[in-house]
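Two complexes follow with subunit A in common, the first pairing it with subunit B and the second with subunit C.
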Partner chain A sequence: MIDSLWRDSVGAVLGIALLIWVAPLFISPYTLTILIIYGMLALSLGMIWGFGGILCFGQAAFFGLGAYAYVIAAINIGESTLPMLIAVLVPAIFASLLGAMMFYGRLNDVYLAVITLVVTLILFKFMNSTAGPEYIIGKARLGGFNGIPGFPTLNMPGNPNAYIWGDTYFYFCAVTLGVVFLITTLILQSSFGRIAVGIRENETRMSLLGYDIRARKTVLFTIGAAIAGLAGALFANWAEIVTPNLFSLSQSAEIIIWCIVGGLGTRLGPILGAAGLSLLKFLLGQQTLIDNLLITGLILVLFVLILPKGIVPTLNDLWSLTIGQRIIRHRRRPRRRTRRKPPRD
Partner chain B sequence: MDLSVVILVEFLYAIASLILISAGLAVIFGMMKVINLAHGEFMMMGGYATITAVNAGVNIFFAMLVIAPITIGLIGLIIERLIIRRLYGRLIDTMLATWGLSLFFIGLAKMIFGNTTTGVSTPIPGLSIGDYQINGYNFFIIIIGFIVLALMLFVLKGTRAGLIARGTMQIPEMAAALGCSPDRVYLVTFFCGAALSGLAGAILAPLVGLTPSSGATYIAEAFITVIAGGPALIIGLLSSASFFGTINQLFTFAISPIVGEVMLLVSAVILLRLLPQGITSKFFKGKF
Partner chain C sequence: MTEVVLETHALTMRYGGVTATKNVDFKLYAYELRCLIGPNGAGKSTFFKCISGLETPTDGEILMLGSETTFWTAHQIASLGVGIKTQVPNVMDGLTVFENIWLAARRQHNTPEANRKTEEILDRLTLRDIAHRHVGHLAHGERQHVELGLVAVGDPKIVLLDEPAAGMSSKDIEQMTKIIHELNKAAAIIIVEHDMQFIQSIANRVTVFHRGEILIEDHVDRVMSDPTVRNVYLGKKS
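Let's turn to the complex of A and B:
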């Protein structure tokens, strides 16, 4: 376990280094920044869905809440260090309440998906209707469908005039993604993470073993929301405007598509899926021949039909079937033999 | 007196439109257990089918009641054969595939009809009750809504086809052993569900400005109505549509339409928390 943690840390540092030095040669740092932010957002869902088995249709709600919380706090406070913290805390608290309500009610699968979807819609409808001057929090007008432009962006802690922007902001986001990735790894490799995977596999068995499933699911859900909130705050800084579209159905859909295409049950899959598909969308957006959504939809349908496991797990399987098998033949063999018979419930 | 009639009509209208919106989904999701996230797009296409037919000079009632359901039913048929057929029993995968379909259809509609708002005028003139003016089309929706419900009840409970469909949905192996092809039953049921969605979209089209993405406005309401209804299809649909329609109209009259919509969603969350299996898991058990 310690070994794999070392391996992952080295991998993450190498990945970030590659991102900072090599990637800007091909793609502009401005575009890369948003790819990183989306990657973080996908990671948040990939963690609670891929490892915890909680299919949340409303990850966009936490993303949007984080962005709005940051903006409203930044306008009122005038600098960015405390608002960044608030942007993580507000979605986390909201998610812990929502999660407690759902998991202590033993809601599952479809019901959970529909409730999270409905909550996102409520936020979307509410935010769209706040155009009037009476909707104001401190100094910040909510602005309805126009959104909130013009707020203080990220600055160095303690010095509100030293803004972090452009290339520096890109480095900041890249490093943040690396840190979040490592934190996720730590959580998933701790006993908490392993028990979460156990709950995903067989909830009844885990509860008979004495684990409090409801509390554990709520905590995992909250962690996912906190990461999504952080991504939201980073997005607000990148876009320099927040609009209710952050809460829209298509935003929620996209996060799920990223995870599916990249591969569930992996940490890297969602990040790669998000970055790859966003880049594709960005490139497709530059042509007008075929509509963007049409292609996104086709990709999703094809993936569900042909590669339901996603890219990263499929590549993993290919690797272990061909080259990898030859290398670690001795270690793998006994495990494969015992695995041939599927366990019966 | 006049006001009470107007309010009654508004309440019935809200209930009937919820029934219409959810009927197709009740068949596809409630019976077949396919989470059809493209339901809204089926409705959107039903609307476009109507408008296209009317622009081509077809009578609007014929377009709404015949052309739209059949067109969307046929589209549903193709989708079932190509995609859904492979996914029965895989709940999450049907959801993702149909989400992909929904994006695909939005994109397709944008390419064909353009990203603009289109519409047809309502074919029935308004009428006045005392000092109040009501949209005459509301009556039409109320009547169609309840006819659809009665028809579904009749087909499912009163005919041999309905019996076969219900039996196949419960235990497909048993139905196959008794000589029905589950494959064909699923196909026909999906056709009916898609046709009902198309009908709903066609009938609601004159009331809204239709855009390629307008399916999204229906999808949440349809899902919460069907899920809150619970296992008994028809009575569940009726009871949850009445519940949500009443709440929506109450808050619309008391405060504003936006608050009405938000309260509908909030009440859905509370209802699902209290009765996660739906209204009919507690009440009206074993009926219809």
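Let's turn to the complex of A and C:
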């Protein structure tokens, strides 16, 4: 376990280094930044769905709440450090209440998907209807479908005049993704994470072993929402405007598609799925011949039919079938022999 | 007399119009090994589900290890020291044998202790050779053993086994019997079984269920020779 944590840390550092020094040779840092943010958003769903079996159709709600919480707090406070924290806390608290309601009410699977979807749509509707001047929180007007532009973006903690923007903001997002990735790894490799996988595999058995499924699912759901909220705040800083479209149906659906294409049950899969599909969307965005959504849908169908496990798990399988297998055999053979003999004698 | 560890009063469970168990008064004593028999649909599995908290009984009450547990959830009852092997194998198919047992051990112990406990159970149930195989890929008998391992590693005080020998080879059953006797040193056990030979080889007292009610409860030999039981149970089976 310690071994794999070490390996993952090295991998994460290498990955982030590649992202910072090599990727900008091919893709602009501005575009890379949004790929990173979407990657983090996908990771938040990949964690609760792929490892906890919670299919949330409304991860966009937490993303949007994080973005709005950041913006409203930043306008009122006038700097960004505390608002970043608020952007993580607001969706987390909201998710813990919603999660407790669902899991203690024994709502699961399709009901859970429907409820989270409905909550997202309600937020979308509500945010769209806040154009009037009466919708104001402190100094921040919600602005309805126009959204909220013009708010203080990220600054160095303690110095509201030292903005973090451009390439620096790209580095900041890349490192944040690396940190979130490692935190996710720590959580998933801890007992808590391994128990979550047990719950994904067989809820009944896990409760018969004495685990409180409801409480554990609520906690995992909350962690996922916190990460989505952080991604939302990063998005607000990147876009410099937040609009109700953050809560839209297509945003919700896209997160799920990213996870399926990248591969559930892995940490890297959703990130790569999100980055790959978003990049494709940007490239396609420059043409008008074919509708974007149509292509995303087509890719989803192709993946479900041809690579139902997604990219990363398929690559893992290929690896262990070819090279990995040889290494494992090489390592295990002598140990097995010595172990098998004693009980027979 | 010895202490009662499990007691039900007028336990009734209805599924819509079907009454699966009806007014069951049942007592189990510490370190007892009891067999539960009865034709298919008699309500044996439902009785287990009520006791283990998978179902909330429609009526009646359940007392266990000094607590009234009638409305407790499954995880609360499990934490009290009740382990169950359900009729349909209930294991984590996507995980390895080691991971399955580790998850059961981790409930009561910290990680290093859970690792140690898991190793111990792997040896005790001779699962060592398949420790790193996925449970979903194992043969039926092996999966039953794994599930028994999940129960055993929790050091339960009451063990419920729903048809543990079903579909197993005689060699598997032999090993299963050994494990059951070992569990019995620390726990009271109820076993649902159909195999008469198996029952005679392990139990003294037998409770016969019929249409959700207790028909008779007596020593295994007297139950076997009882004409009503032969009628109800053996008659239907053939």
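Just so we're on the same page, the second predicted complex is superposed on the first by the 329 of 345 C-alpha atoms of A that agree within 3 Å, B and C clash if a C-alpha of one lies under 4 Å from a C-alpha of the other, contacts with A are read in each partner's own complex, and residues count from 1 in each chain.
Here is the rule we go by: contacts are C-beta pairs under 8 Å (C-beta built on N, C-alpha and C of every residue); 3 or more make two chains touch, one makes a residue touch a chain.
In this text the structure is predicted, and so the values were computed from the model without any measurement.
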Using the touch definition from the top, say if A:207 reaches subunit B (first), subunit C (second), both or neither.
-> second
Which partner, once the models are overlaid, touches more of subunit A's residues, subunit C or subunit B?
-> B
Return first, second, both or neither, reflecting whether A:117 touches subunit B, subunit C, both chains, or no partner chain.
-> first
After lining up the shared chain so the two structures overlap, which partner does A:301 touch, if you call subunit B first and subunit C second: first, second, both or neither?
-> first
Contacts of A:194 with subunit B and subunit C, given as first, second, both or neither = second
So, A:101: does it touch subunit B (first), subunit C (second), both, or neither?
-> first
Hey, what residues of subunit A end up touching subunit B and subunit C alike?
-> none
Along subunit C, where are the residues that touch subunit A in the complex?
-> 52, 54, 73-75, 78-79, 83-84, 86, 90-95, 99, 102-104, 106-108, 111, 126, 128-129, 150, 154
Within their complex, state which residues of subunit A touch subunit C.
-> 191, 194-195, 197-198, 200-202, 204-213, 339-340, 343
What residues on subunit A touch subunit B, complex-wise?
-> 55, 101-102, 105-107, 109-111, 113-115, 117-119, 121-122, 125-126, 129, 249-250, 253, 256-257, 260, 290-305, 308
Touching residues on subunit B, where the partner in the complex is subunit A | 35, 83, 86-87, 91-93, 95-97, 99-108, 110-111, 216, 219-220, 223-224, 227, 258, 261-262, 265-266, 268-269, 272-273, 276
